[in-house]
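Which chain is which? They are A, B, C, D, E and F, in the order written, and residues in each are numbered from 1.
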Amino acid sequence: MFEANRYFEDYQLGHKRTTAARTITEADIVIHAGHVGDYYPHHIDAEWSAKSEFHQRIAHGTLIFAVGAGLTAGDINPEAFSYGYDRLRFVAPVFIGDTIKVELEITGKRDDPKRANKGFVDESCRVLNQRRQTVMIFTHIHSVNRRPLG
Amino acid sequence: MFEANRYFEDYQLGHKRTTAARTITEADIVIHAGHVGDYYPHHIDAEWSAKSEFHQRIAHGTLIFAVGAGLTAGDINPEAFSYGYDRLRFVAPVFIGDTIKVELEITGKRDDPKRANKGFVDESCRVLNQRRQTVMIFTHIHSVNRRPLG
Amino acid sequence: MFEANRYFEDYQLGHKRTTAARTITEADIVIHAGHVGDYYPHHIDAEWSAKSEFHQRIAHGTLIFAVGAGLTAGDINPEAFSYGYDRLRFVAPVFIGDTIKVELEITGKRDDPKRANKGFVDESCRVLNQRRQTVMIFTHIHSVNRRPLG
Amino acid sequence: MFEANRYFEDYQLGHKRTTAARTITEADIVIHAGHVGDYYPHHIDAEWSAKSEFHQRIAHGTLIFAVGAGLTAGDINPEAFSYGYDRLRFVAPVFIGDTIKVELEITGKRDDPKRANKGFVDESCRVLNQRRQTVMIFTHIHSVNRRPLG
Amino acid sequence: MFEANRYFEDYQLGHKRTTAARTITEADIVIHAGHVGDYYPHHIDAEWSAKSEFHQRIAHGTLIFAVGAGLTAGDINPEAFSYGYDRLRFVAPVFIGDTIKVELEITGKRDDPKRANKGFVDESCRVLNQRRQTVMIFTHIHSVNRRPLG
Amino acid sequence: MFEANRYFEDYQLGHKRTTAARTITEADIVIHAGHVGDYYPHHIDAEWSAKSEFHQRIAHGTLIFAVGAGLTAGDINPEAFSYGYDRLRFVAPVFIGDTIKVELEITGKRDDPKRANKGFVDESCRVLNQRRQTVMIFTHIHSVNRRPLG
């Protein structure tokens, strides 16, 4: 994890990348339940889940988001910081044993109305399972310095 | 964690609640780094962090979001499901030893343009530290069944 | 987790409640072995366990007790504190994949011979698996303030 | 962890032993809270705890019991099995950074009224902190085979 | 874990011992990946691994080494300290569900050329799976005090 | 973590690189003790350690090795596999709060006497703390394919 300076001007609309993949295990769900204190039966009660819409336990949405965002981590860009996330949507459940990866695309570049020396970059993230079904989408908003003049 | 049926009509605009609180520890950050695979020095390198803007390690944004969302978990409402999150913003850093809680307010109710029998409910979540500073905001969108006629 | 004041007089002999359920996973056993330092082969050696009385690994008794007690956690009662446990008995083994819940009943109310302003309340706890077999019993003893006069 | 056959007749009333010691850390409490789902503010909310009777967070009782019992684990005795626990009492709080060990004594040997070939052995366990204060007591009941005749 | 003083002269060339065994679970691999930050697909991507040479995920080499070394832990010898390890070799993969144990033999005793009052003891460690296949070897080097004269 | 093919001929004697850094926390030691089952008082008993040579708890050697090796993980090279480690030496203790990183250098290239199409590459690893003291050394041996002819 090393630093690589990239300015607002360096981000290319339409640029795409894909992350490594990771299998979501029962252990991940057990650890996440305890880590965040979410013991809803959808995640940790196999009997209740067997009678539910999905017939089995499903991963926490916050688990898929946090692991998905973790998979996208790359070099540190000292010119940017993470401003927030928009349009996080739960599209399909992730089951124990599913393997997820994230496809990213730069889909927006906008002025920052309050700071002339910065701009916003939108990175659309699509989390896919091993059957190439989309299970989650979210947009990561970066606040990025413009390249200094001169 | 028990079931309590609440329909779209039962959600009151302006209704507020506050969660229990939780101290974010060094152990939480270590566990989160490993759980999601995010080893950025901001979180796990005390030397690098001492020279950074905040002079110390800070919690992962995905940690504060996941724990914050976990704190809001209450009874199961079989008439609702979690549709997604909007406007997740990192407002201020959370340091090791800070204690966070979440204040929630129902701030929106809208028709679902595609499903006449459902509506959207927006729950605005504000994560506060022990100095009552806002550290994160996000809006939780629920898709809720309308009360059946008759 | 909010506070709700209940005095000794408020506890009703024969009052019953049932907790949510939780599936005991291989991950829970691995985490418990490391957490408490109990690596007996009954819990973490599948080969040894295959030749044992139960033909498979079984959960630690302290795991079932701690998770069972955890499942019973409800609102905080500032008028009570946990005095101890009696008659903890291992009735049947819990296997990987079993789902447990706890049935509770107030089975005793007694004077505290040393403190006139307090009394003891016994809550009998029965841990059941998904086949409704009792796997563990224990009695939780609460020391509870009597309601102040006037 | 090896096997060592010991019969009912081999247990000596008054026999004493002391375990190794272990420091209870903030990480242990964080892990226990998630492992068993007990997020009471006494354990994970430093602000609430600062205003409480003990002025700081305290370890879960089930943590001290499970770690204490874990510390007592020795050789496997194929002639005995763990029957249960009695008189578990919370004597004093354990704080972050306290170091506990367990002193054990064989305090009872009794016939098993239902099984002539077995007897009960009571092992009294006293959990001490680094100031030699007793923080917890419990009695471990073993069901042990009598030595075969001939 | 108690102290037992053993001097250089007390170690016998050819002395053998065998540890208890432990099943390597999916949870162990998930915990190790996060603990050390090694998310290579060989360990945590079931899809990638299905197409690999071994057709399934394999345990990290550092996991088998650390657990193997952990299995060998016995009494504390205040006269010895762990000097290092030599000839650590990955002989065969360990799969989820395999059960490993370690066979040890004292295979070398040598003078310490820099310290006349100490010597080196080599303990060869062979990690075996449940099919008695060697999966890893390593040699543990102990620096041990010679028995004082007089 | 992406693939990048590098053959034996591509490794340059004397090539150096440095990893990112990581702070070793009390939580890491607690997690490692449980993960590998090593509860020696040097690591988990603060009272015992206060009277020891180092006056405080120290990290497990296997923890520093596994985290150090984890820090060195980079791109996957499908032409290489990890053959083993040599000359792992404990040079100085790592205390809670120390921050470690690894400096690597290619220090050896050798024929594989048994496989003409492969060679061995030695990568010397030096683990340093924040005071630039060497705390551990080890040599990672890679078995690497030679570049195919033609």
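Quick notes on this structure:
Definition applied: contacts are C-beta pairs under 8 Å (C-beta built on N, C-alpha and C of every residue); 3 or more make two chains touch, one makes a residue touch a chain.
In this text, all values refer to a predicted model and were calculated from it rather than measured experimentally.
Two chain pairs, E-F and C-E, are compared here, and E-F has more C-beta pairs in contact (counted per touch definition above).
Repeated interface, listed pairs E-F, A-E or C-F, reference A-C: A-E, with more than half of the contact pairs matching by residue number. For the pair subunit B and subunit E, the distance between mean C-alpha positions equals 44 Å. Between subunit C and subunit D the centroid-to-centroid distance comes to 16 Å (mean Cα coordinates, whole Å).
Put simply, the C-alpha centre of subunit D and that of subunit E have 30 angstrom between them.
Shared interface positions of subunit D, defined as residues touching 2 or more other chains, are 1, 20, 22, 25-28, 30-31, 35, 37, 39, 41.
Chain contact summary for the complex, subunit E toward subunit A: residues 25-27, 30-31, 39, 41, 44-48, 57.
Taken together, the subunit B residues at the contact with subunit A in this complex read 1, 22, 28, 31-32, 35-41, 60-63, 65-67, 69-71, 73, 76, 82-90. Residues of subunit A touching subunit D in their complex: 31, 33-35, 37, 39. For subunit B in complex with subunit D, the touching residues are 20-23, 25-28, 30-31, 97, 99, 130.
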